[in-house]
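Below are two complexes that have chain A in common, paired first with chain B and then with chain C.
Up next is the complex of A and B:
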């Protein structure tokens, strides 16, 4: 298949997310209704969802969602899983046959935990061990692709319009405390199942509307730290940058925003000294992680949800709040369809993150 | 129409004598290429309202998204609330065709970028921070932007000059501020008695080295 750089498909995209900060779990139906309002922003070449809090019965196990092209590669891949993990449960992911979604791969789900001996021998922490296993499959098992690998969360994605993808995966049968969604209108790359959003690693899942001008600079930099860009699409690199800065470097979400959507130097020069020095430090230390070009992104993770626009705000993004719920979407209509009455509605500025933290404990 | 929810191009190209009343949340490019019609919205509007409109009136009782009045070349837009990024970029005028954009609240960055003609009025009501964002009027080479504010705007690009509005300047906007006040029930006199600053193209700063320093 032709990928990034080999073919150009002219194009928009749509994103939507909702989170209950109390940690209350709600049905996946609403996120389908929300993303469906923005149908015209996608072209049927990709749709997907990330859902947090959906596997409480297996919350201590990594949920691996995997596409397989053939039964043969599934067997090989399962043998790999057996060697590295204790598989507590495995099954096909339940789907619904529908004429709008065709050519589906084999779609499986494994709840796993690293084998203690393997983990000890690897001298890695548990999350790094899992991440490396994911990259191993995605680079060495042709026809197998792990597209979701977090705990108590899952990504569901396919080629099709997002509302159809939601029905295909029976998303209305899941309950979670946060959902994100994406409707794809591929700009540079062909639509294929692995290339649909969200892009996820461990519990980080990113949906993105835009087109990153700095993709290749970001890719070359992140690959130096052991990440493998297997999908040749720009959003994948955002996921790895977030994982690198948050999990490996320990930056906070506001700091990550100041790295990937750094203010202009001229804006930094006008700031008070302490703030200026912090921002200068971040720009210098993490220069290759600056993302340029238009983007609006939603980053789901185990602690909550972050929304961010590029510093020039070249894509639209609206936030609405009602009670414990925060809604974020490319268009206000996609929020109003779920929550006609909102206590507040506003558009964040370019480079200004919106961070919602979830209170766990239930 | 009373239950809009994201439908695009509502009232696009509406002609003189045609009117449209909307509530709910109309979709992007509402009133694009408006050609004399009148659109009233009870609520917020999204992006690209009045894109390239030619003639007519748009009245929004809520706030507007990004790229409001993009490349307007005639007609009037009144927004009760605030406007997003890139309001009034590429506005232009020719002879009797003079577009007018009146924003009740504040405006985002890039207000009037590449403005070539027409009039933008920002009334800065209920506006917590600066009435306009960064890069206001970058590349501006025609038209005027009026900002209702106690202090002049800071950090304007070199292509823009700024002065405190004179009584003659204010005459230029009086009719439109009065219209705004009638649409949304404000006191026009009170608004017009406030301090305004006027942003115009800086005639002493030609455009050499705007993009490259060679």
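Up next is the complex of A and C:
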């Protein structure tokens, strides 16, 4: 059986996310409860979480979460890390033994910062340097896989049902201002932990429900800009597109949503001139980054959370608000289980982003 | 005169029960195949003159005529085929270079026929183009690396000049001279109505057609016929013709007999003089020279028109394309070895160049590998015969396709491959007034519009089946393609997997 990355595996899914825009940190228990409601949208072949604000004591360091197949590759990989980074702290990620989760790899966490001399020599900015190191490990160290590489955030994922994955990683012991979750229904049995979602690069972590029809157009375009799609999943390529447009090209989140879920030309033609010109420009300039086919995505990043549906809204996605909290999930039930009373609840239109910015400093 | 060793290829079959001796066939045939014998009240014909253009067949009111292969054969020989033998006899007779017209008809692989398209089932929905928007609009031109913003943070439109098309198909270069005034008018009007572009070819632009400038690509070829500042500024884009798929490596020759009246004036050469396009551009002997011409043309047009460089698909097409993508050109047009021509040496047409599918796949991938795919758009031509070919070309990586032969067929061309004789009975590839007036531009342009509208519907159906609602998301989307009956190397070059994988 081919591993994820050697073959493209479509999958259906459940997603859920919650964010406190005040920056107040809350316990990871709620996100487990929420995703558990949508048990039937997963099939036990992948689940995972992204959590923001969980490492305040190391918030200035990149938290690398890594799967290793063997101790030998861990040693090689650590030598690579030591050549490129100052490692402030390293440890196994705490887990709980449970019968639902088996065949776990070695799961390690490193808090690092680039070595100043290496960074200067590379002529790259710090984040690009880190991203390239992540690509190096994931493409050149067989049996090592960096699945989380942001600051003050972390991804936790495994093969299993998402609620079991959450308990396995003891997510209830973490506190953060934003959590996202993913339950996977792949149409194949990859059985590899790296293939579970969220997919993350730096502080961008994406959970996605759908199967995009533009995949290979998007992949071949983004690979020209130095990205390597090692997993062949939609989520991976979407993450790279968001990273490319946001970090490298400096587009705002609303602009990004106008690229990847672009309004139809016929809609653009009816808009006022200034808006029309901007959208026409974005569609031509970033045509290869248009994503078609069904998707609902949650993009977590250091500034907050964005939810977006494909332009035809071919996947369900519901938003609820209560106080400072915003909840987004594939099904309303996954929100109501946490917050039975909501001030507002709605289903965003296709291509209409829901952007929540977090106020930091709390 | 010696004995003619060659038996006619076609036989004109007349059903005498149906024939009413109306003599339409006789009047319609510029090749003088048919003749009425009044003393016998009977139509007769000379098969040897027949080119199988089907003009008489189409116009016979009683369907009394059909053209069939004559069936005469030499002693069967797998090595020495009838065609090979006849061509040898013809050359022994005349001592001349064999001439042909239209694209290569030989039995080389047609890769489009060995590629199958995908469709959605269960895991994602197909999209019904009758119920949902389905976008076929494309923009051709270079894309800059970075965005720029003004002091208020508004994005500045820093895109170089673009061509905007309602669908990824354009009419390829066919010069005024090689085809008739009415054919040009049909193409220009159809392009305008469709929101696409046609291409003047290398013969300049007739003054009557400047009004279609927004839908015109003006060509600059090695003969530089009809090139002047107003011409260059009249179109939506400029194409430098470096090569043609039907005759890579050689130039062109329009005989003086066709350089008459308006054609002479449009080409800016004396009446009756041969219009000879040299094999190379004599100011371009290397890639750095091309760059100078690209920038000369941009300077003349105030950097407002995209520049296309058209090349024939030859063995090192990837390296050539890579050089062009760094030359300042905005668009590369690649013409496959099956591309058409009004006249080309048979041996060149049938033996030089490579299939467009392979050239396209290699060039698209090479430009991506080098990180310069955004520098240029890619147009491909060289036998795009249907909407399925368009979809496959776009999925392989083309931004747009050129059609020449398909467009002429909409106007009446029956692929008799005798354009070089100048006696086109359909009024397309001829300058004889009694023939050109047979092509009515009102009808011709309508048939072109019909053809493109039909293709557009089909393209949308195929896209919708794949769950794709914008042509942009089909572009280079090779996972939508699978090969059938291709070997590993062919699949590798095309960058696709085999059916079943």
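Basically, the second predicted complex is superposed on the first by the 348 of 362 C-alpha atoms of A that agree within 3 Å, B and C clash if a C-alpha of one lies under 4 Å from a C-alpha of the other, contacts with A are read in each partner's own complex, and residues count from 1 in each chain.
Simple rule for what comes next: contacts are C-beta pairs under 8 Å (C-beta built on N, C-alpha and C of every residue); 3 or more make two chains touch, one makes a residue touch a chain.
Just so it is clear, the model here is predicted, and its values are computed rather than measured.
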Problem set entry | First (chain B), second (chain C), both or neither touched by A:230 | neither
Exercise. Is A:22 in contact with chain B, with chain C, with both, or with neither (first, second, both, neither)?
Worked result: neither
For this session: Could you tell me if A:122 is touching chain B, chain C, both of them or neither one (first, second, both, neither)?
Result: neither
For this session: Mind working out whether A:216 is in touch with chain B, chain C, both or neither, as first, second, both or neither?
Result: second
Exercise. Which partner does A:270 contact after superposing on A: first (chain B), second (chain C), both, neither?
Worked result: first
For this session: May I ask you to decide whether A:318 touches chain B, chain C, both, or neither, giving the answer as first, second, both or neither?
Result: first
Exercise. In the superposed model, does chain B or chain C contact more residues of chain A?
Worked result: C
For this session: Classify the contacts of A:347 with the two partner chains as first (chain B alone), second (chain C alone), both, or neither.
Result: first
Problem set entry | Partner chain(s) touched by A:337 [first = chain B, second = chain C, both, neither] | first
For this session: Indicate the residue numbers of chain A shared between its chain B interface and its chain C interface, in ascending order.
Result: 312
For this session: Could you please specify the touching residues of chain C with respect to chain A in the complex?
Result: 120, 123-125, 127, 132-133, 135, 137, 139, 143-144, 146-147, 154-155, 157, 159, 162, 368, 371, 373-374, 397, 466-470, 472-480
Exercise. Within the complex, which stretch of chain A touches chain B?
Worked result: 37-38, 40, 267, 270, 312-313, 316, 318, 331-334, 336-337, 345, 347, 349-350
Problem set entry | Complex interface listing, chain A residues touching chain C | 8, 10-12, 187, 210-218, 220-221, 223-225, 249-251, 255, 262, 264-266, 274, 277-278, 281-285, 287-288, 290-294, 311-312, 314
For this session: Over in the complex, which chain B residues touch chain A? Could you list them?
Result: 4-6, 8, 24-28, 44, 46-47, 65-66, 84-85, 108-109, 133-134, 155
